[in-house]
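Two complexes come next, and they have one chain in common, chain A, joined by chain B in the first and chain C in the second.
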Partner chain A sequence: MIKWKSRFNNIKGWLYLLPAILFLGFFMVYPLIDVFVYSFEEGYNSASQTYFGTGTYNYSYVLHDPYFLQALKNTFLLVVITVPLSTGIALLISVGLNSIKPLRNLLQTVYFLPYVTNTLAVGLVFMILFKKTAYSDGLVNLLIQWFGGESVDFIDGPYWAKMFVLCLYTIWVVMPFKILILTSALASVNQDYYKAARVDGTSKFRTFMRITLPMISPMLFYLVITGFIGAFKAYSDAVALFGTNLNAAGMNTIVGYVYDMLYGDSGGYPSYASAAAIILFAIVLTITCINLLISRKNVHY
Partner chain B sequence: MKEAHPGEARYAKIEQTAERRSTAARAVTYFFLILWAAIVLFPFYWMILTSVKSYGAYNSEYIPKFFTLSPTLQNYVDAFTAVPLARYFVNTIIFTLLTTAIMIVVITLAAFAFSRLDFKGRNAAFVLFLSLMMIPGELVIITNFVTITNLDMRNTFQGLILPSVTSVFYIYLLKENFEQVPDSLYKAAKVDGTSDMKYLLKVLVPISRPTLITVTILKVIECWNSYVWPRLITDDENYFLVSNGIQEIRENGFGRENIPAMMAAVVVISLPLIGLFLIFHKKIMAGVSRGGTKG
Partner chain C sequence: MKVVLRNLTKKFPSRDKKNKTDVVAVSNFDFEIPDGKLIGLLGPSGCGKSTTLNLISGLEKPTEGQVFFGEDDVTNLPPEHRGIGLVFQNYALYPHLTVRQNILFPLENLKGKDKLSKEEMLEKATEAAKLVQIDELMERKPGELSGGQQQRVAIARALVKRPKVLLLDEPLSNLDARLRLQTREEIKRIQKETGITTIFVTHDQEEAMSISDMIVVMKDGMVQQIGRPQEVYDNPANLFVAKFLGTPPVNIFQGQVKDGQLVLGEDAVLPVKGAPDGPVLAGIRPEGFLLRKSGAFRCQLSSVEVMGRDISVVASNKAAMSPMIRAIIGSENLAEVSVDASQVSFDLKPSKVFLFDKRTEERLHFNTK
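Then we have the complex of A and B:
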């Protein structure tokens, strides 16, 4: 009787898990294995589902594809520019926010607004603000002219201008999350430390460097890691600004390259897409590991 | 007393300077904080403003005006008649509701199994689940695309919904929450002969309502904004979600570049989530700081 009951309990436990296991197995575990298989199948034809042989040709093709190299360059630039800038600005804003009382809640709510907006939709607003058309140079260009600068088409113009808008929009999009995390980290620092510092007559800058920064360093570090990962996966921001044909605009990202290989006018090559995706995650993994190593020295838990 | 006077005066002076300096610092702080608020809000202002300018007025303004004296709703009419915005909208609502509803059921059952039921292999299964959290979506999307295509589920709601109805992270979050409910309640229910399912629905779910609501809201936001998967899996306009719809409108809609109508569509698409945010902003922000990631 007891034996029967415990067997029934075993089955029941797995029954409750069954839906989750089915979905995860089918849409996560199996694809994860399959993507490695794909990446080593040479000359895979998605129509007939046949391939010539196995090997590393897909990787070498991707690594020699000028579009991939362009995407790699764009993604790296985006990461190197936006992660430090957005984290730094978010830190400044959070410190400022933490030092005031009136308007604080209101501002905090306002700052979070971009988080709940549709990246594709609001990207269009950025596009019309920066784009030069036959009718108008666009608001930003008029401002530049007003200050005596020369107008430039940020959407169809030179590379640096396009990169600038992409970085700006990316920062605008990622800021809410960082400000939210940092303000709550700052608010949770024990006030006694500050009181002690004030009694000792420590300067504000020194208090910040010696108390605030070390106390929030785990959260700061968490943001840097998630920032790196997020920026490496950038894609929809670029689509929002430059349209779906990112290769033509020269603004593709690695993730964009993966999807273009999979689907669309240049699509139908899941093997190349898999190889590119695996390269991307090798990069992300490496950088995350480096980050972890650095943090071990500098983060105070 | 008399000797103390000069010192006191100096002290007062120092204090005055310090106060002036801190007032100045506060002013600078407010200036930059309000500047950032303006940067955040300006795109929203601009999209609403542009959406109520008439097509003719917008295109005749070489220098865009920061206000309009003759607002029009014509662009909104255009957005719903010239392009199938209503269809995109309805599709997104169906997609969001179904995905969120199925996910809540799946994760509640799984979290219950992990937190209350005692069965062989539970801990091993949980460790396996946790390790799945590290798998990036971009890596599995390739095979999923091929799978869904082979199953002939392109341009169907099943194809859109099925791959995103589980989230290991939310299972984890909910399991933690279920475990905070005292075990004695479960034992008492067992003694009373209450079935597990009844206990889950009548006791655990009501107690964990705040967490369930947070998870629901976060999932709704994610669904409403999802772009990549729907783009891969749909090429029939009848199944487009709002993100794909807006991209389609940008590239092919409204004939000649009709920016005001495009902005009207953008406003319509953004409104539901902004509304949700205005109502639930405390819950959303608390939820995101607990378990959201973006950027």
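Then we have the complex of A and C:
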């Protein structure tokens, strides 16, 4: 009797989980496995559901494709530059916000605005700032010229200029969320710690390094991990700035490459797309594992 | 180091938009704390005792008045330059640092000529840890310690710089009853061993009475009475102090002074020469009752609680301000009271009876001869 009852409870539990499991299984787990399978099927055609053979040729192709290598380089640069910078600047702004009283609410709102603004709308604003047209060189170039510099084509010009705009754009877009998280993390640190530090004559800098940072380290760590993952998955930002033909602009990202392989002008290669996606997955997994290992020492819960 | 508070006043601006009057947290605090004593600041919550502590520590600036450490005016000195050790109510131990790192923390802040070598710091930290008997726990994190141990670490951290004054904010409130007894002895011992002038804040009168050399009773920012614990207990300045000190609390009665006699209900219970005639409030300590068959003060017996050493006689009286009054009597008198009786009579010990003006609630003095 009791056994039957516990079994029924078990079934009841699974029953409650069923909708979520069905959804996740259908739209997350099954595609994931499928992508993994495709990546080993050479010349898979989704219309006829046929392929020539199995093997690692797709990976070899992707890894030798100059467009993919360009996308890989772009993505890595984007990650390495924007994650530390955006987290660092967000931390500075949050500390600033936390230590002022007047205008704090207003500034908090201002800093949060980019978060609720549409990516493409922001891209348009960046166009006005940076794009060279027949009529104007863009606002930034006007400033550069005003200071006596040479105007630069940020959208169709040299690689470093395009990278600069892309990084600036990414930082600008991801910052509001980081500031939101960090200001609330800073506000939740018990004020008594600061009082104790003050009584002990701790300098401002030391208080920040030895007390504030460790206290908010879990939140900081969360932001770094999600920052890494988000930057590796960057795509829409590049599209907003450089249009859909990213390969031509030399500004493609890995996700962009996957998309192009599927639907772009050069598309129709689900096998290559799958291989690239699996490579991206492996990279993100590795980086996240490294992050977790580092955090064990430096994050205090 | 003696600590002198002169006309210390702290007002906080009102948060209430309609009522702009300032909130007076501490009003005109005037007191000289002698060197090397343990002082208890005592009062109900919201009486300004913690604010007073913050004023002494320098975390708050007084609106008026001055604070002296010895002969030096430290009123405008920031806390880090006052040479104080402060123990917070929640201890404020840095959770990510070990006990050793926590105790070392204040030492690592020293700059210039006070800077210590690594060995000197470790030695001092170990010394402080030994004093509070936590030298076995140096590598643990605060989260792995019990409340009592955390308290000791906090005290060690406050003491490691050899402060001139040690301030403790509600040091025992986060401990359970048994630890509280133990820790308050510990605080007394540490204070005696170091000889540092120590001021602690508490709302628990028993705690304050048991270890302080002197207690300061506060209410609504005003100092009610300052004195040695026994003195204050035996000689309360007003009704508030009488009610606040003592467990079980003092019994309060509505009474009359008529022809040099204190009248409670219909009974003239005690000759009180020197007290002006008229209505008064009478406070009688529980131990001020003497069980007598022919006693002058008659009450309706409610129950008798035997507590071993003493018995507690619970009775009621029309004149009493509370529904029940409680008398503590030596257990040898147990035979004198029969549980079935409906009435019980007492004589009163004159030294345990206090009269207060009904309006001002100030003490009215009398003599029995």
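Everything that follows uses one rule, which is that the second predicted complex is superposed on the first by the 276 of 301 C-alpha atoms of A that agree within 3 Å, B and C clash if a C-alpha of one lies under 4 Å from a C-alpha of the other, contacts with A are read in each partner's own complex, and residues count from 1 in each chain.
We adopt the following convention: a contact is a pair of C-beta atoms (placed from the backbone, for glycine too) under 8 Å apart; a residue touches a chain by one contact, two chains touch by 3 or more.
Everything numeric in this text was worked out from a predicted model, so none of it was measured.
Participant: Based on the superposed arrangement around chain A, label chain B with chain C as either clash or fit.
Facilitator: fit
Participant: Does the superposition put A:160 against chain B (first), chain C (second), both, or neither?
Facilitator: A:160: touches no partner chain.
Participant: Is A:198 in contact with chain B, with chain C, with both, or with neither (first, second, both, neither)?
Facilitator: Only chain C; A:198 stays clear of chain B.
Participant: In the superposed arrangement, which partner chain does A:214 touch: chain B (first), chain C (second), both, or neither?
Facilitator: Once the two structures are laid over each other on A, A:214 reaches chain C alone.
Participant: After the superposition, just quote the angle formed at chain A by chain B and chain C, using C-alpha centres and rounding to the nearest 10°.
Facilitator: 70
Participant: Determine, under the contact definition given at the top, whether A:258 touches first (chain B), second (chain C), both, or neither.
Facilitator: first
Participant: Applying the document's definition of touch, where does A:16 land relative to chain B and chain C: first, second, both, or neither?
Facilitator: First partner only.
Participant: Who touches more of chain A, chain B or chain C?
Facilitator: Between chain B and chain C, the winner on chain A residue contacts is B.
Participant: Who does A:114 touch here: chain B (first), chain C (second), both, or neither?
Facilitator: It touches chain B, and chain C stays clear.
Participant: Scan A:52 for contacts with chain B and chain C and give back first, second, both or neither.
Facilitator: Touch status of A:52: no partner.
Participant: Going by the contact rule set out at the top, does A:30 touch chain B (first), chain C (second), both, or neither?
Facilitator: A:30 sits against chain B, while chain C stays out of touch.
Participant: Tell me, in angstrom, the smallest C-alpha to C-alpha distance between chain B and chain C in the overlaid model?
Facilitator: Minimum over all C-alpha pairs: 7 Å.
Participant: Where on chain A do the contacts from chain B and from chain C line up?
Facilitator: none
Participant: For the complex, which residues does chain C have touching chain A?
Facilitator: Within the complex, chain C contacts chain A at residues 57-59, 78-81, 84-86, 88, 90, 92, 94-97, 105-106, 109-110, 157, 161.
Participant: Show which residues of chain A lie in contact with chain C when the two form their complex.
Facilitator: Against chain C, chain A makes touches at 190, 192-193, 195-203, 206, 210-211, 214-215, 217, 300.
Participant: Would you tell me which residues of chain A are touching chain B in their complex?
Facilitator: Residues 9-14, 16-17, 19-21, 23-24, 26-32, 34-35, 38, 46, 86, 89, 92-93, 96-97, 99-100, 103, 107-122, 124-126, 128-129, 133, 135-139, 142, 170, 172-178, 180-181, 184, 226-227, 230-231, 233, 235-236, 239, 243-244, 255, 258-259, 262-263, 270, 273-274, 277-278, 280-281, 284 of chain A touch chain B in their complex.
Participant: Which of the residues in chain B come into contact with chain A in the complex?
Facilitator: Of all residues in chain B, those touching chain A are 26, 29-30, 32-34, 36-37, 39-41, 43-44, 46-47, 50, 58-64, 105-107, 109-110, 112-114, 117-122, 125, 129, 132, 135-136, 138-147, 162-163, 165-166, 168, 171, 196, 221, 224-225, 227-228, 231-232, 242-243, 246-247, 250-251, 257, 259, 262-263, 265-266, 269-270, 273-274, 276-277, 281, 284-285, 288-289, 292-295.
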